[in-house]
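Look at the two complexes coming up: subunit A is in both, with subunit B in one and subunit C in the other.
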Partner chain A sequence: MTDTTSSARMTAGTRLYLYVSLSLIAILVLMPLVTTALGGFKSLGDLRVNPFGLPSEWLWSNYLDILFGDRYWRQMLNSLFIAIMTVTLTVIVSAMAAFTFAHVKFFGSNQLLNYFLIGLMFPAATAILPLFIRIRDLGLLDSYWGVILPQVAFGLGMSILLFRNYFRNLPEELFQAAFVDGCGYIRFFWHISMPLSRPIVSTVSIITFVHSWNSYILPLIMLNTEEKYPWPLGIMVYRGEFGTDWQLVLAFITLTILPTVIVFFVAQKHIIAGLTAGAVKS
Partner chain B sequence: MTDMTATMAAVPATARRKQVRYKSPTVRGRLPVLILFLPPALLLFTLFVILPMGEAAWYSLYRWNGYGLPEHFVGFRNFEVLFNNAAFSQALINNGLIILVSVLLQVPLALWLAMMLAHRIAGVVAFRLIFFLPYVLADVAAGLIWRFVYDGDYGLVAALAGFFGAATPYVLADRGLAIYAVLAVIIWKYFGFHMMLFIAGLQAVDRSVLEAAEIDGATGWQKFRYVTLPLLGSTVRLSVFFAVIGSLQLFDLVMPLTGGGPSNSTQTMVTFLYTYGVTRMQVGLGSAVGVVLFVICVTLAFGYKRIFMRHD
Partner chain C sequence: MASVELRDIRKSYGALEVIHGVSLAIVEGEFIALVGPSGCGKSTLLRMIAGLEEISDGEVLIGGRVVNPLTPRERNIAMVFQSYALYPHMTVAENMGFNLKLSGLPRPQIDKRVGEAARMLALTELLDRKPNQLSGGQRQRVAMGRAIVRDPAVFLFDEPLSNLDAKLRVQMRTEIKALHQKVATTSIYVTHDQIEAMTLADRIVVLNGGRIEQVGTPLELYRTPANLFVAGFIGSPAMNVLEGTVDAADGEPAVRLGDGSAIRIAPERKVRLGQAVRIGLRPEHFVASGAGNAISGPTLLVEPTGAQTHVLFEFAGEQITAVVDGDHPARHGSLFQAAMERNQVYVFDRATGAAL
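Up next, the complex of A and B:
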């Protein structure tokens, strides 16, 4: 951590100012999350008179009912399946395309790369209606693929860019040595480029996974059967059903964001680096 | 646009590697690799990104419910309807407001926090984690959590009002207040991302320059204003860029909070597209919104890069 104030001796006043400001903001950030998790342990009446404090009586049943039902797990599995397929396809498809942009000289390669970069400039929502009609006409409506394929397509611009830049920065000597030894492009890709690309594979995977895990608008438009809903759609339906039984809704929200929170704290370094560096480098 | 790669570098020293131009030896098997490696990406991208965008432009000239073929040509009528629609005007105003608040409040807040976290004090890592946490949560979950916070019967705001003896505010049901409530959630959700950008940018600031300024008698504010801030220029421009582009596509967060209501007061362009285009299957009108959004995004992105990020 660089010390940009460069004052070795920090006054007690500065220290106090820092801790007070940082703590206040940390409380503002955490308050909604903590009260949500605690709210899941309360009864509705308890929640009404005491939304801030600890539950007057810890009610485990809200959480346990959800955990022992199959609704929660089904939604988690749906999200997981969609995210894993999206990540796998995105990595393979974009790494292959990026490899040709980085290493193979061909007519129009710059123009073609720019073509993919158009995708970085507008959000998926702009063309959501024509996309819906296309998916419907392909017979993919209400199937996981109707969500996965557009997600992969919209992630291509950034992933191709990240992979291409990474491939280009691999030492050129590797490339020359391999080709002198008679190695072709495709073997080079599988045996040299990809094994050396673990950092960028992990960056692309993290960005793509988080995007897919949290995505709402595409599944909202493409899926109609509740059995197939990923969790962001699932919690909206759950809230719609249980309306003002806030204690249940809060327990459900807590359980759905729990995996994200756990994974975030376990792999924080990779996730922060992936999500910010990914944005910066494209 | 090719050099989009090099232009947006928040961490100048590391990101700006020398671009080596390949003198790639003629290798056998150039054709097989092109035939095998390019088409999957090309096909997916064309089919699900480019064609739909083109079709949006085409459909926007028709009145169509999505079945059969678009035959009822109406020219620019959909755009006329759009710009005479009070809800859409409100959506445009709201998107503008979101951009304004993101740029004028959120970005400075993020920079302030990043500066504080650059000090060598205990607990820095923990604070950084806490501040970044909302960013990794799904927008939908964050929206629902804040719906509880704002709830007039069970929520935190109601309890706070009760504590101070004020009447219970139904924040999200109030035409005048709802949009500010949404703005607060936007800041809560996204400031951590911008803070991380600034932390990365600050790490690249050369300490010796600051020490030199200090020896010359610069005060804390002067050091910030004349040394750190100029050196962070490219990061600030990048952060503002993300704030603007992100603001334009806001949807997931608004739906669970207000769904664009009450009486359209928190509509954004995308929630408008969903409410009036998708749920009513007005393909022409919805596509027209898409076209407007596309034009705004591309104009802003290109204009911003040309004007502010030319030298980054």
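Up next, the complex of A and C:
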């Protein structure tokens, strides 16, 4: 009896501890988002004297002006084009490379894989100057491809790693059965591996998409024409010679965050499934 | 339908040789079972015939043609895997017709052949289902359907029933046998289950450590095992083995056991006086009473199985299993008395294990 009570008290205590800790973490994560969203409803003066509280007057016009202006939508289409092309190329190239690393044994395959994985250690920002020179030499400055190609290149390390692990976990007998049925490597890749790899394709797509969507430095360096700016560069427009309209920056940021959050909630099942694939024996 | 011939097949992984020169001839339409303990090389041998494993040395001939350099598809074989290896994203019909689709066969012909195979295996109702909507037995039938739909020269089965429960295994065994009688395609069947091998195969190949121990019909292997390994492997429960020395009892050849008791053996056994041997006594050859060697000892365990009872008793310092009639009044602790005819006593050389 005593044991049961003590165990119940322990459980309640542990639960309380968990709720408090998780609530604190949730507040830490949500506070900047909520502050940003609320800041978008304020005037610049209100924002300066009252950065964290509710707006003294709700200025819906901050949001509406952005939403009804053509810049917001044009930049969204730019972001979409860059992100979709980055995702498509990353998935195709990394899936094919990962399939080779997973199934084909050839001289130096491990070294080559390690070479790709080294890419994980270098964020694009560290190589921005040589990258700029290379993109300039290729004549791709101020073009979408000047952003897309480096994004694909820097995303390959992680994508190949994820795809390779997934492909290696596909049952060996499936490969043998397909081989007996008359598949070669290419047919097995298209007819068997890829259709069975939806979770990992989703994961890689989402990770790459979000990365491209949030990319700031690369488009900032590679793009000069405002018509080609993606969303993250949109905030630059509100930076004037004598000051910045921070309330508009915050409203703009809030509106650009929303689609990513929605996509995450819609696709979170696939993201988690892909990231944990192969972690336990199915 | 084609003959299969293995000529001095060897397989090495680096310096380690795992298949040591296996030669075997399988005639057209024959059902051959490869049996042996885990790691004996039976699956490796099958995979080499399939073309899924490289052959280090020797030749594989299918239909009289050396197939070493050919891909599995070019060898015109079909294989049924232990885990079924069905494509999870395809329906039953797509799984069965995948090979034909890759061959470029027109859709109506694919449908016709898949339909025929499905009728043969009672899968017609399941053609639109995905593998995860099927039971284990149904999946196994689809795997067989996928094999027969292409009308191969040789069927290869790699422990196809190992994942099924005992009841379904017996049912599927019957279906495989019936299927072979219907299509009469040359079949090579790998199993570690000697009952499966005995019931299905025209001939059994017993493998041990990458070598063939014996090839023969099920009854040949059971009645005249070439050595102690085959004798111990074929038959269930396993043969009882006792050590002794060749002696004479009442002027007849016998084997003197460790406790001094003598077991008379058939005069035609090629033994010499004083030779160190092992004798083999099949559990089912014990009779409650009768002529021959009288064998008795305290009963240690009684396992009724219905029609028969397995009795574990002690004799000559060893634990011996006997299979007797289900009505036998054996009881734990009581004296178990039985007899065995001398020509039922197997004799093996102790050093080489060869049958004498």
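Criterion: the second predicted complex is superposed on the first by the 194 of 282 C-alpha atoms of A that agree within 3 Å, B and C clash if a C-alpha of one lies under 4 Å from a C-alpha of the other, contacts with A are read in each partner's own complex, and residues count from 1 in each chain.
Criterion: a residue touches a chain if its C-beta (ideal position, glycine included) is under 8 Å from a C-beta of that chain, and two chains touch if they have at least 3 such contacts.
What you are looking at is a predicted structure, and each value in this text was computed from that prediction instead of being measured.
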item: Which superposed partner A:243 touches (first subunit B, second subunit C, both, neither); value: neither
item: Subunit B versus subunit C as contact partner of A:261, first or second or both or neither; value: first
item: Which of subunit B and subunit C A:221 touches, first, second, both or neither; value: first
item: Subunit B versus subunit C as contact partner of A:195, first or second or both or neither; value: second
item: Which superposed partner A:13 touches (first subunit B, second subunit C, both, neither); value: neither
item: When both partners are placed on the shared chain, which of subunit B and subunit C touches more of subunit A; value: B
item: Contacts of A:130 with subunit B and subunit C, given as first, second, both or neither; value: first
item: Partner chain(s) touched by A:121 [first = subunit B, second = subunit C, both, neither]; value: first
item: Which of subunit B and subunit C A:108 touches, first, second, both or neither; value: neither
item: Overlap of subunit C and subunit B interfaces on subunit A (superposed complexes); value: 176, 179
item: In the complex with subunit B, residue positions of subunit A that touch it; value: 1-7, 10, 14-15, 18-19, 21-22, 25-26, 28-33, 35-36, 39, 44, 47-48, 50-52, 92-94, 96-97, 99-100, 103-106, 110, 112-123, 125-134, 149-150, 152-154, 156-157, 160-161, 165, 168-169, 172, 175-176, 179, 184-186, 189, 210, 213-214, 216-217, 221, 231-232, 235-236, 239, 244, 246, 249-250, 253, 256-257, 260-261, 264-265, 268, 271-272, 275-277, 279-282
item: Residues of subunit A touching subunit C in the complex; value: 171, 173-174, 176-183, 187, 191-192, 195-196
item: Sites on subunit B touched by subunit A in the complex; value: 1-2, 4-5, 8-11, 15, 17, 19-20, 22, 24-25, 27-30, 32-34, 36-38, 40-42, 44-45, 47-53, 55-56, 59, 66, 113, 115-121, 123-124, 127-141, 144-146, 148-149, 151, 153-156, 158-159, 188, 193, 196-197, 200, 202-203, 205, 207, 210-211, 214, 220, 223, 228, 238, 242, 248-249, 251-252, 255-256, 270, 273-274, 277-278, 283, 286-287, 290-291, 293-294, 297-298, 301
item: Interfacial residue positions of subunit C with respect to subunit A in the complex; value: 47, 50-52, 71-73, 77-79, 81-83, 85-89, 98-99, 102-103, 146
